[in-house]
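Every chain is named by a letter (A, B, C, D and E) in the order it is written, and numbering of its residues begins at 1.
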Amino acid sequence: MITFILRRTCLALVVVLTVMTLAFVLTRLSGDLAISIAGPGSTQADVEVIRKAYGLDRPVLVQFYDWTRLALTGDFGSSFFFKDKVATLIAQRMPVTLSLGFVGLALALSISLPLGILAALYENTWIDRTATMLAMIGQAMPSFWLGLLLMIVFGLQLGWLPISGTGSWEHYVMPGIVLAFTAIPALTRLMRSGMIDALSSDYIRTARAKGLSRSSIIFKHALRNAAIPVVSIAAVQLGFMLGGSIVIETVFALHGVGYLAWESISKNDFPVVQAVVLVLASLYIGLTLVSDILNALLDPRLRGA
Amino acid sequence: MSTTPILSVSHLSCQFKSQGGLFQPTRLLRAVDDISFTLEEGRVLGIVGESGCGKTTLARMILGLQKPSSGEVFVQGAPLSSLDRRARARLIQPVFQDPFSSLNPKQTIKDIISLPLRAQGTFEPHEIERRTAALLERVGLSLEQGLRVPSELSGGQRQRVAIARALILEPRIVICDEPTSALDVSVQAQILNLLDELRRDLKLTYVFISHNLAVVEHVASEVMVMYLGRMVERNQTADLFKTPRHPYTQALLASVLTPEPGLGLPDVGLGDIMPDPAHLPTGCRFHPRCLKALPQCATQEPPLRKPTDHAVLECHLT
Amino acid sequence: MSAILEVEGLAVRFGPTQAVRHAHFTVHQGETHCIVGESGCGKSVTSLAIMNLLARNGHRHAQKIIFAGEDIQAYSDRQMEEIRGNRMAMIFQEPMTSLNPSYTIGSQLTEVLRRHRNVSQAEAEARAMALMARVGITAPAMRLRQYPHQLSGGLRQRVMIAMALMCEPELLIADEPTTALDVTVQAQILRLLAELKQELGLGILLITHDLGIVARVADHVSVMYAGEVIESGRTADLFARPAHPYTRGLIDCVPVPGKIKAGEPLGSIPGTVPVMKEGFQGCAFRFRCASATDACTQDVPRHEIGAQHHVLCHHPVTDKGSRA
Amino acid sequence: MPRLTQASFVIGLGIVGVVLIAALFGPWLSGHDAFAQDLNARLIPPVWMEGGSTKHLLGTDQLGRDYLTRLLYGARISLFIGVLTVITSGVIGTSLGVLGGFYGGRIDDAVLFLITCRLSIPVVLVALAVVGLIGSSLTLVVATLGLLLWDRFAVVARATTMQIRSLDYVNAAWCSGSSPLAIMRDEILPNIASHLMVVCTLEIALAILLEASLSFLGLGVPPPLPSWGLMIAEGKDYMFFSAWVIMIPGLALFTLVLGINLVGDGLRRAFGTQVIK
Amino acid sequence: MIRQTLRSLLLGAALLGTAVTGAQAQKAADTLRIAMRDAVTNIDPYYNNLRTGVVMSHQAWDMLVYRDPDTFALKPLLATSWTLVDDKTIDFQLRSGVTFHDGSAFSADDVVYTINLVSSADSKVAVPTNTNWIEKAEKTGDLSVRVTLKKPNPAALEYFALVVPIYPKAYREKVGADGYAKAPIGAGPYRISKWEAGKEVTFERYDGYWAASPKGKPAIKTLYVRFVPDATTEMTELLAQRVDWIWNVNPDQFDNLSKMPTLQMARKESMRIGYLSLDAAGRYGAGNPLTNQKVRQAIAHAIDRKTIAEKLVTGGSRVPMAPCYPGQFGCDSTAAVTYDYDPAKAKALLAEAGFPNGFETELVSYVLPQWTASVQGYLQAVGITARVSQLQIQAAVARSWEGKNPLYMASWGSYSINDVSAIMPNFFSFGGDDYARDPEMKRLLEEAGASIDPEFRKKSYSAAIKRATEQAYWLPLHTYVTTYGFSKSLSFTPYPDELPRFYLSKWN
């Protein structure tokens, strides 16, 4: 088990390093960074000063080395626009994104799990078709559009929920719903197919032959096995959700990491962009690691490995 | 018998490293361990043993599907590794166990049968057509069936297709890996009879792998018994069935349930320890299950002995 | 010996496909009754139909299914649950997949006893260990805490058998219990079943395709073809005087060491098993039968050709010792 | 196949077909130029609403451009992006997946590593960053999405190839003397094609949604091209008093994506594919 | 179905006033809730370059000089009086009795500290041009300071009135620059009580604010500013009465919003002008069509600037004839060569220039997309195909400085400084935004900028305006009209300098 974790952690680290390289290359795609840092209204002399001050006159490889070295210690440099440590900025905004992610995931799970189980239990009946259709509708709904619609209905017409910002838990409801919509289809489908597989498996036939009650068969024997992939995917989904919250954070003016990234992209604030890409990627990698370990813990067949 | 044997296997071994991610610890799995034998033209070598004994891996090495860790396979005296894939295809062909997975579901029967010809790249289309049609008939399929896809055929018919494909290049050796174990008894007999006919007509040499001793007894001229990657005994078929020398062979023979009412069930008495190729026992590999094990069986590898001209045995017992 | 299970006129339909047609047989206490047939002949479906474990699209109909004197056809799901695993147990072909991979052997063994008997977990575990020892599992206390994947195929099948015996059932249905196992293990498992039958006075319904097994373990045999029991009789009788052309063909197909000389062709049956649709009339074997006549398209008569030996055929072979 | 599945598949196919025809011929038939502005005829409501006119069936946008024409033109862009992205990502992902699955060993490790790296990259963020830093254009959006969305192709192609590689007909092809390339082409690709088709539909839908999201954030298709996402973005300021400007493109986007997904779902059921995540 | 949905949405919008519950204006709490789009990430006024930042700074900081928002007359604020000693020297006499928000007294030390800090080359301030013309400041007494300039700056006092807030020396040195940015204090009418970068700012009325200030004592106790990046979200908040004040509302919504029972709307033309710069210098490519004067004139004739101003910008937007805001000192419209909308003439000019079939080019822009699109449409009508690159402001500016924008639509607000020196030199003195690169223009503007003689300056600026328009280097498109939407319960007056003054607002 320990070697398993160690091995996965090593792999995760190599992936992080690769993503770091990518994040660095990414931000060098734009033109002259010094000019964008200087901002409108400054002269070319200002630009030269800035170029020197930010070390942008050094060879790219040296810049990369320095950035990587510092980034590994958690120092992502300073934002050009916020004039603050990037690490601090991200640390400030991460709670918002994480809260959003957790609310979204909780909503998604609480809808998709029962839906998937019902669909599997009543496979090929109208219940199954309705559940599949709901998942399909969720999958087709553009999140920004859904966000706008919710805003009009719940924010404006009914006035039930606050529209933007992060003051209270109520602020997370609408964005959480929109975010949940992105994960519900996949989770429902997975739960459904996992449950169908489990229900048609030989060990369920054994359980029935043992005369066990229906509820014991469904909840003890089938669900346990069907839930394993769902639990592990849920962690991965959370990673996807965190990475995909940009649009939602922008629409609902949630000052989270996604919105920070969006702001920074439009301002060529590359240390922030790099760091956000890296942090979100690392989070995802961490979550898959957790999911693998969870998987191994839940599934006795993998536990021994 | 001074001619070169058509197939000769020398000190063939195959070890697997259990694969996983990038950093998985490698566990060594000795599927086949130092096996040697020769086979004369026109003979049928039956290989028997339980699942996991390495018989399929041995077949894959002879077919060139699996690279041996050490040792070499010689066909007509030439090392297999020196042959390119087309030359090898002209000499050795397989018939696999599962007629459902051994035919490409997206191709027509004719395309499947003619694949070896097409892969040679030297045959004219009409030649390919002619030989395919001839072979279809030979294995008992109609030309119309040649235009169908595998899912429209029954298991026995599919196995006929697989045999046709194996024979279209007129190879010298056919490796039959459990060719009838996925078939019903009534169909099994059809296929066994067909294989036997073809062997006589085309002067083929078979390596015939099976876990069914009764079938092996029927088709093979000589039999090799494998246990956990080792050849534990080899002999002419009749001799082996008459006087099994190795305790494992004896147990195997005793386990055969012939349809003879009243004989009751044999007491094989091998215990509940199962052979595991990943954790090989020391000494003789069979000793943990052997009823007649001696003290040295647990520590010393058994010697290879030749009790008669044709018999080979690996056992401490005499 | 009294009949523990009596089945008459059993039919199972999956959509338009007729998987089992008017099957009938009787299993007596302390007796092994074998149903033998090729794949697709409906033998597994028959066993599931008795347990009422058919998939949702399978429909069962029978004249009677009498278990221990009661017709269980009309039983509710709850009543069937009470019987299953309790008085009527079943073991399956694939010991690899028939155990739930997420629970320990112990929990799966005790579960069935606690479901049907009012016993404590400790009592259930004691019974489980005793039974495991009985079915030949060494170190049962350790095995109890292991997961199925940690056991070999033979051990798993022993666990399945122990599980089936937890509530001391009257009838054990074994569906191809040794097909997935190696030959040496097969003999051991079959021996175990035979011993248990003796000890516990079990009725065993054994489903298999292997005539070798039938010959060695069965007291009574029913041969199925295309969903029908075409011939049934005491084992020795049936092997000595197979009356149906199919039974004869089947016996001829099996290579027997020392019986057939190398080079001689094996007996075989041409063609393949047809799929039965509703409304099929006549003998299903006529397409493959050498002695088929026009009469074979008509309803098939049942001939009693001996004590407890009957056959469903227009042209049964009755001459003694005609085996090739 | 269950009956309703077939019905939903047919409905999906119908939606996609209608959008396809609309995209191909619509802009010519509508009688307007998608780019012709008329500042004196701005924000005319659709014909069924008060103030609507039959001249502009779906009204006009904030620059007085015919909304129906722009909607039809937008369909063209959505489909163009969806299809082109999937061609790019399909080629990349399938090649990688088949190579990894077929050869195994080191090559597969490398492919698996690439997939892991790719999955850890937040797609929306990186696509936004690339477009934001280089400047928006249709080509760049297609290229970026194409280079980012190959993961599912690779995962599915790899898994299915692995399953098939161990099947005996591949072994038989080896023994027949076929070259590795021929085996991949003739034995493996035709047999994983149905799985890849399902992935195709999913990815087309995803690419269309992603493009709309990028355009909505202003970093997708550059104006004046009428992408549906961009139309929603341009129209959202008007949604309170001229709701049709976001309802119409939003519904169009939703319907098209739903249609493609229905087709994909139908295919998946027909092929019995499990799409591995 | 669609129809019903649409109708219900519209109905909902119409019923807004009655449907909304629990979100009344915060009059009772005496809190003015403000939403702004451009988030300030560093509230230290010298370290952000956004208009929002300037607005914030005027609530919490005082400058030396006060500019009357109506008359643009300069009045004393922290300085009671000032003397122009010569072209490059200004003496300020400072006010006594002023305190910063921490209660410490304001003195000459604070002014000297602030000015020397922000004018130094390594200060890293966000807009160096706002202060880099200052040489140094010296303390000449406890309440008097002498400021020396690097070169004469006729608009120096306007800068002191608008973009040179005064730091508290002792406090800022104590907490350091970072600490100051996190908890800044000034000497203005409001103090910042809570602030989170890029998210929100809370201002509380500073009770120690000096009584006689022309800014006056604020009527509203608390200002709560929240940054809402999306215009639609912001408008939803206003409609749902969850904020009381927003600005830069889409002008197209002005009339609809005016009809809402809970809202009032206002708009005011500002000093900001929208323009189209043309690559006359050939920075984008030496031979490009825009280097041809006739092509540039054709473009000037091709665009119906009047319709854009009236139909798109609306609210009284005008078309400036000269390349500057009409009210600025030196902005002499009569000196300008004018171009009216005449597509025929534009085509003729293009044909004369050798482009009878037009040509292809690129239009880079960061202004409202529909405005860009309209210019693109007008160009297309005379045969010029302009590929639009609609960029974020920063990216567009960066490209501009790299000389990669053949046609460039942007805006310039002159930092609200009422002098041509705040606009024309940016575009004609060989800086990043200069696509004319005309030495004569540079000479004329430097000459005017180096003098403080009004008449001489006017003459030079007129000459520059004449030359710039004659050459059609730079096409002013329209003046900006700032739109404001706010609660009916609020009394708020907009001013032309784009500086909302919340300290002057009150509840009705």
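By our rule, contacts are C-beta pairs under 8 Å (C-beta built on N, C-alpha and C of every residue); 3 or more make two chains touch, one makes a residue touch a chain.
Every value quoted in this text rests on a predicted model; they were computed, and no experiment measured them.
At the far end from chain D, in terms of centres built from Cα atoms, lies C.
Set side by side, the interfaces A-E and B-D show unequal numbers of C-beta pairs in contact, with more at A-E.
The centroid of the Cα atoms in chain B and the matching centroid in chain E are 86 Å apart. One inter-chain figure worth recording: chain C and chain D are separated by 53 Å, centre to centre, where each centre is the mean of the chain's CA atoms.
Chain centres here are Cα means. That of chain B falls 31 Å from that of chain C. For chain D, the set of residues that touch two or more other chains comprises 113, 132-133, 236, 239-240.
For chain B, the set of residues that touch two or more other chains comprises 21-22.
Contact with two or more other chains is made by residues 11, 30, 148, 152, 156, 250, 262, 266, 268 of chain A.
The residues of chain C lying in touch with chain A in their complex are 51, 53, 55, 77, 80-86, 89-90, 92, 94, 97-103, 111-112, 115-116, 147, 149-150, 160, 163. Remark: chain B residues 50-51, 154-156, 184-190, 192-193, 196-197, 211, 213-215, 217-219, 221, 237, 241, 251-268, 270, 272, 274 touch chain C in the complex. By the touch criterion given at the top, residues 2-3, 5-6, 9-10, 13, 231-232, 235-236, 239, 250, 252-253, 256, 307-308, 311-312, 369-370, 372-374, 376-377, 380, 388-392, 395, 399 of chain E touch chain D in their complex.
Contacts from chain A toward chain C in the complex involve residues 200-203, 205-214, 216, 221, 224-225, 228, 298-301, 304. Interface residues of chain D facing chain A in the complex, by the touch rule stated above, are 2, 4-5, 8, 113, 116-117, 119-126, 128-130, 132-134, 205, 209, 212-213, 216-217, 219, 229, 232, 236, 239-240, 246, 250, 253-255, 257-258, 261-262, 265, 274, 277.
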